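There are two complexes below, and they share chain A, which is joined by chain B in the first and by chain C in the second.
Moving on to the complex of A and B:
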C-alpha cells in the first residue's frame, strides 16, 4: 500500500505547488468564486480523462475522445434539448458504439491507435452534421446542475472529488474493475481462467463511452452552447492527465484518483500561465514544459524506488 | 460456503480423471498419441520427459484447455456434468487447477485481487475480505512464514514470491474444491527451503484425498513426492509405474538420455589455465579470463542484482559498441529475453547485427547463415527460422537466447538463471558448449538456482542477503559447502 501512496504523492504535490503559485500571483483566486472559476472547466476534462483511463487500462489508447466528447456535446445541445427521448437514445447508441469498437479491435486484432484515429474523424463528421455552426442550448436541468452553488465548497471542487471517488470505487474496489485491470495486466491469465476477453474489453470501452458522454454533457452545461470542435484538445489532455496521475501506457497500471488530479493540474496550468501574462502563443509549449517537468520528477522518484 | 469436503466425500483411489486412448494433433504434428491414464484421488503423479515430449499437451488435455482430436477424457468428480459443456468448464467444475510454467498472475493487481481471476463465481458482496482471508489461509497452509502481504502488488514481489502466490491460489478454497492440482515446474524459481514446504504440502494434500500432477526437471523432487511416475517420450506415455519401482538411472534412461559418466573427471580436465582478471565488482565478485564463475545461494539473495549491475556498468553507453564487452542471457525469458513479435531468426541475430552490417545495413545472407549455423550447433527444434519465436517450446526459446549471446564476440557472458524449465538433454549440451567457449578464453558469470549447474563452475560465490558469504574453488565446490554457506549466516544472525 505504501508504494501506491508514493505513486499518488507526486500528482498531489504538483497540483499543490501549482495551486500555491496561482494563489501567490492572484490572491483573489483564493475564494469560493475564484476556485469555481479556476476549476469548473476541469469537470469535463476530468470526465474525459476517466474515459481515456478505461482504454489505457486495457492497454489500448483512444485518439477519438476529443471528437467523441464534441459529438456528445453537440447531441446534448440539440437533440437532448429539443427531443429528449431521441437525444438520450443517440447517446446510448454512442456508448454501444464504443463497446462495439472495443470488441472489434480485439476480435480482429487491430491496433487501437489506428481504429480510434479513424473513429475520431467519424465522430467529428457526425458532430459537424448535427451542428454545422456553433450554437444550441443545454437542457435546463443540466444548466441548473452545472451552475449549482452548494454552500462552503464550490461545485468545481465537489464534482472532481465525486468523479474520482466513483471511478476509484468502480476500478479499484469492485470485482468487475479488478477483472478489467487484469485484462491490462495479463490478458492470457484471464483467458485461461475462462473469462470472455471480448466481453471485458467491450465493457471497458462502454464505460469509457459513458464517461465521454458525461464529459460532453458537462461541457454543454458549463458553456451553454456547443460546437463541433469544442473538445478537440481533450484527446491529448486526457492522455496527459492519466499519465500525470501515475498511470502507465501498458500493464493496466492506472490510478483514478491520480488521473483526476492530473486533469485538475493540467487545467490549472493553463490558468497559471494566463496569470503570468504569457502570450497565448506560448501557452501550449509552456503547458508541455510543465508536463515534462512533472514526468521527469516521476521518473526520478521511481528510479529511486527501484534502487531502494 | 459449504462445498463437500474432499477428505470425507472422496474415498482414496476413486478416479478423478480418466484418459482413454487420447490423441492430440496440431495439423500434421502428433503431439500426443494413444495416452491412457487414470488419475486417482490421493495420488501424486510425477510427470517427466524432456521438452517436446508432450507433457504440456498432456496436461492441457487433462485440464480441458485442449479438446483431444481422438479418444475421451472423463472427469468423475461428482460435480462434473458429462454432457455437452466445454471441456474446460467440465474440468473446472471437477476441481482441476493448473499452475503453469510461465507465470500467470496479473502484476498490476494485488495478491488478493489475483484470486478473483480464477474464481469466477466469487460472491460480489464483501469479496475483498473473502479473498484476503482465502489467499492468506492458502499461503499459510502451503508456505508457513511466507511473509507476503495480501495487499502487496504482485509486480512488487520477487519472482519466487510470485510463484508462491500462484501455487497458493491453485490450492485455495473456492466454489469447486481442488481435487487435482497440476504443477508445471513449480519449484523452478523457489529456493530449497521453500521448495521443501511445497513438497510437504503436496504430501498433506494427497493424504487428504487430493491428486497432484507434478512436473519437474529436478528428479530428486519427483522421487521424493510422487507416488507414481509417468515418463513421456515423443508424445507417448513411455512408462507409468510406482515410484518405488524406479531408480534414478531407470528414469533418465526411460526419458531417452544416457546417464553421463565421469562428469567430474571430464570437467577437471577441461579446466585450462586462466587468464588475467577481467572483472571485479565492489561486492568482491571477480572473474578471470576463461573462467566460469558461479553465483550460488538461495534464490533472490542479490545474485540477479549483482549481475544486472555488472552488466549495466559495462554496457550502458550513449554509443553502442561494435564489439560489446558483455552479453546477457536472460532467465525470465518473457520479461527480458524474447522479442515476442519477431521471428526466431531475428531474435537470434539481435546481439550480433553490428558484426555483419555495413554502413548500418544488415547483411541478410550473413545473418541467415549465422542463424543456420547456430540452429545446428545448439539444436533448435524448428521447421523454419522465420517462424515466430513464440511457436517454439520454452526450452527451445531459451536455446535461441543462448545462441544470441554465444554468437556474439563479447568476451564476457552474463547468465541470469538461464536454465529455468530446460530439459536435461539441452542442459548437458549447453554445459558442454559453455565449457568449450570458456576454453577459448571467454568468461562466464552464471547465476543458477540449481546445484548441478553450479558444480560445473570453476569458482563459486555464494550469496546471502545481497552479500557474498563464501568463495569456493576447485574441490571445495560441493553441494554441502554451498548449502552451508547459504544457511550458516542465517543462524548466526538470529
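Moving on to the complex of A and C:
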C-alpha cells in the first residue's frame, strides 16, 4: 500500500507545483472558465494515455495510438455524423481490428513495437482516404457533451476524474483487470493456471482500441472538425503520460489515476512554458527537461524505497 | 473611464491626428500572433516583419502589445492549446497562421465567444466567426500570362514549371495559368514539377528541354526560376523570358543578366509581410471598423525598374518582402466592400 501511495504521490506533486506556477503567472486561469481552457484539450490526451496504458500493461508498446486517434476522429467527423449506423460500425470494427492485432502479435511472437509502427501507416492512410482534406463536423450530441458547462466544476476537471476512476475500477478492482496485470507480470504463471493468453492480450488491445475511439471522438467534439494528422503527437504524449504517472514499461506495473494525472501534467507543462514566454526554439527542450526532472525525482524515490 | 482620462485620450487623439492618423481607440488593446511553423525563410521573414511593425505600433501607441507565439511542433492540437492560452492571457485580438484550416476551429470558436477578434491569414481557418485574409493563387497564375501577353502580343510556346504535386497551392496557380493561357495566343508545350526548389526545377527542366520546340517564356510558381535559368544556360538555346518568384537568387540572376544584355522579365510572389497586413486588419476591427470577413492579399510584384531596389533590400537566401502599413490595410478593406 505504501508503495502504491508513493507511486501516486509524485505525479500529484508535480501537477500541483505546475498548477501553482501557472496560477502565479496567469491569475486569470484560476477560474471556472480558465480551468476549462487549460484542461479541456487534456481530455483526449488522457483517453489516449489510458489506451497506451492498456498496451504497456501487457509489456507491449503502441506506436500507432496517434494515427489511430486521428483515424477515429476522421470517422467521427464524417461517417458518425452523416450515417451514424455505419459510423459506429466502423468504430466497432476498428476496436475489433485492435484486438486482432493484439492476438496476432502474441500468436506469431512478433515485436509489438514493429507491428504497431506498421499499423500507424495503415491508420494514417485510412484517415487520409476518409478525409483527404481537413473538414467534417461532430455529431451534435458530441459537441453538446464536450461544451457542457456543469455547475461549479468545469467539464475539463470532471471528465479526467471520471476517466481515472473508471479505469482504476477496471484495472485494479475487476478480475479481468487483475488478470491483465498478471499478463504483464508473469505470463507463464497465468498460462499454467489455465488462462488463455491470446484471449487476455486481445482483450487488453480491444480496451485500448476502445479508449482510442473515445479519444478521437472527444477530440472532434472539442475541435469541431478533423484532420488526418490531428493527433500525431498523442503517440509520444501518451507514453510519456503513463510513465510520468508512475507506470513502468514492464511488469504490468501501471497506475490509471497516475497516468491521467501524467497526461494533465504534460498538457499543463506546455501552457506553463507558453505563459513564461519562452522562445519556441527552447520549448520542446524545456518540455523534455520537465519530463526528465520528474523522472529523476521518481528514480530517487524508488532507490530509497529499494534501500529501505 | 474617468473624466480626466477621457479628456487625455481626446487630447491625445487630437495631437495624434495632427501628426499621423493614429487612433486612441486601440491604444490599450493587445494583439497576439499564433504561428504554427517557423522552419523556412518565408516564415522567418514573416515573423521578422511582424515584430518590426508590431514593435513600431506599440511604440507609437497604436496598440498596447503585439506578441508573437510559435508552436514548437507544427501540430493542430498544440496550436489549439496555444490559442486557448492566449484567451487566458487576455489578448483582445489573435492573428493566426493556422496549422489546419479546420482542426483549430474549436479553439477559434472559444476565442470568438470570449469576445476576441480572430484574424487568420495565409493558413486560414474555416470557422465563420473569424476573418480570413486569403491569397488568390489563381490570380498569381493569371498575372503571369497577362504580363507575357504585353511582352509578346503574337504569343509563343510556354514551358510551365509547377510546384509540389498534390498541394492545393500548386493546383490553384497552375489552373490560373492554364485559364489565362487558353484565352491568349500562347501554347503550353511542356509542364514539369519543380517542387518550388531551384535544384529540382533545374533537373526537371534539363530533362524535358531536348524534347521541346523553341521556348518563348517560362511560367513558374516561385523558387524555381533560377534553376530553370541554369538549365537553359547549359544548352545552346536562347534564354527565354522566365517569370521569377521574388527569391533573392532569382533577383540576383536577373540583375546580372540585365546588366549583361538588358534581360527583361517580371517577378511576383506573396510577401511574408502579409502578417503585418493581418496585424493592421485586426487593429482596424478592434477600432470598430466594418470589415468584410473575407479579404484577399495583393501580390508583391517586382518590375524591371524596381529590380535594383528590391534586390538591395532582400537579404541573401531570403524573399523580397514588404511591410504593410495601416493605410494599406484600409485600402484592402475598402477594396473588398
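Simple rule for what comes next: the second predicted complex is superposed on the first by the 308 of 308 C-alpha atoms of A that agree within 3 Å, B and C clash if a C-alpha of one lies under 4 Å from a C-alpha of the other, contacts with A are read in each partner's own complex, and residues count from 1 in each chain.
Everything that follows uses one rule, which is that a residue touches a chain if its C-beta (ideal position, glycine included) is under 8 Å from a C-beta of that chain, and two chains touch if they have at least 3 such contacts.
In this text, all values refer to a predicted model and were calculated from it rather than measured experimentally.
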Superposed partners chain B and chain C on chain A - clash or fit: fit
For A:184, select first, second, both or neither according to whether it touches chain B, chain C, the two together, or no partner. first
For A:222, using the defined touch cut-off, is the partner it touches chain B, chain C, both, or neither? Pick first, second, both or neither. second
What is the contact status of A:252 with respect to chain B (first) and chain C (second): first, second, both, or neither? first
Please work out whether A:212 is in contact with chain B alone, chain C alone, both, or neither, and reply first, second, both or neither. neither
Once the structures are superposed on A, label A:173 by its partner contacts, choosing first (chain B), second (chain C), both or neither. first
In the superposed arrangement, does A:154 touch chain B (first), chain C (second), both or neither? neither
In this superposed model, does chain C or chain B come into contact with more residues of chain A? C
State whether A:11 touches chain B only (first), chain C only (second), both chains, or neither. neither
With chain A at the apex, the angle to the CA centres of chain B and chain C, rounded to a multiple of 10 degrees, reads 140
Partner chain(s) touched by A:102 [first = chain B, second = chain C, both, neither]: neither
Once the two structures sit on chain A together, report how near the CA atoms of chain B get to those of chain C, whole Å. 35
Any idea which chain B residues touch chain A in the complex? 65, 88-89, 92, 98, 100, 104-109, 113-114, 116-118, 120, 122, 124, 127-128, 151, 153, 155-156
Using the touch rule from the top, collect the residues of chain A that touch chain B in their complex. 1, 3-4, 173, 175, 178-179, 181-182, 184-186, 188-190, 192-195, 251-253
In the complex formed with chain A, which residues of chain C make contact? 38, 67, 69-73, 75-78, 80-82, 84-85, 87-90, 100-107, 109-110, 114, 126-127, 168
Contact set on chain A toward chain C in their complex: 26, 28-29, 33-34, 37-38, 40-41, 44, 133-136, 219, 222-227, 229-234, 267, 270-271, 274-275, 277, 280-281, 283-284, 287
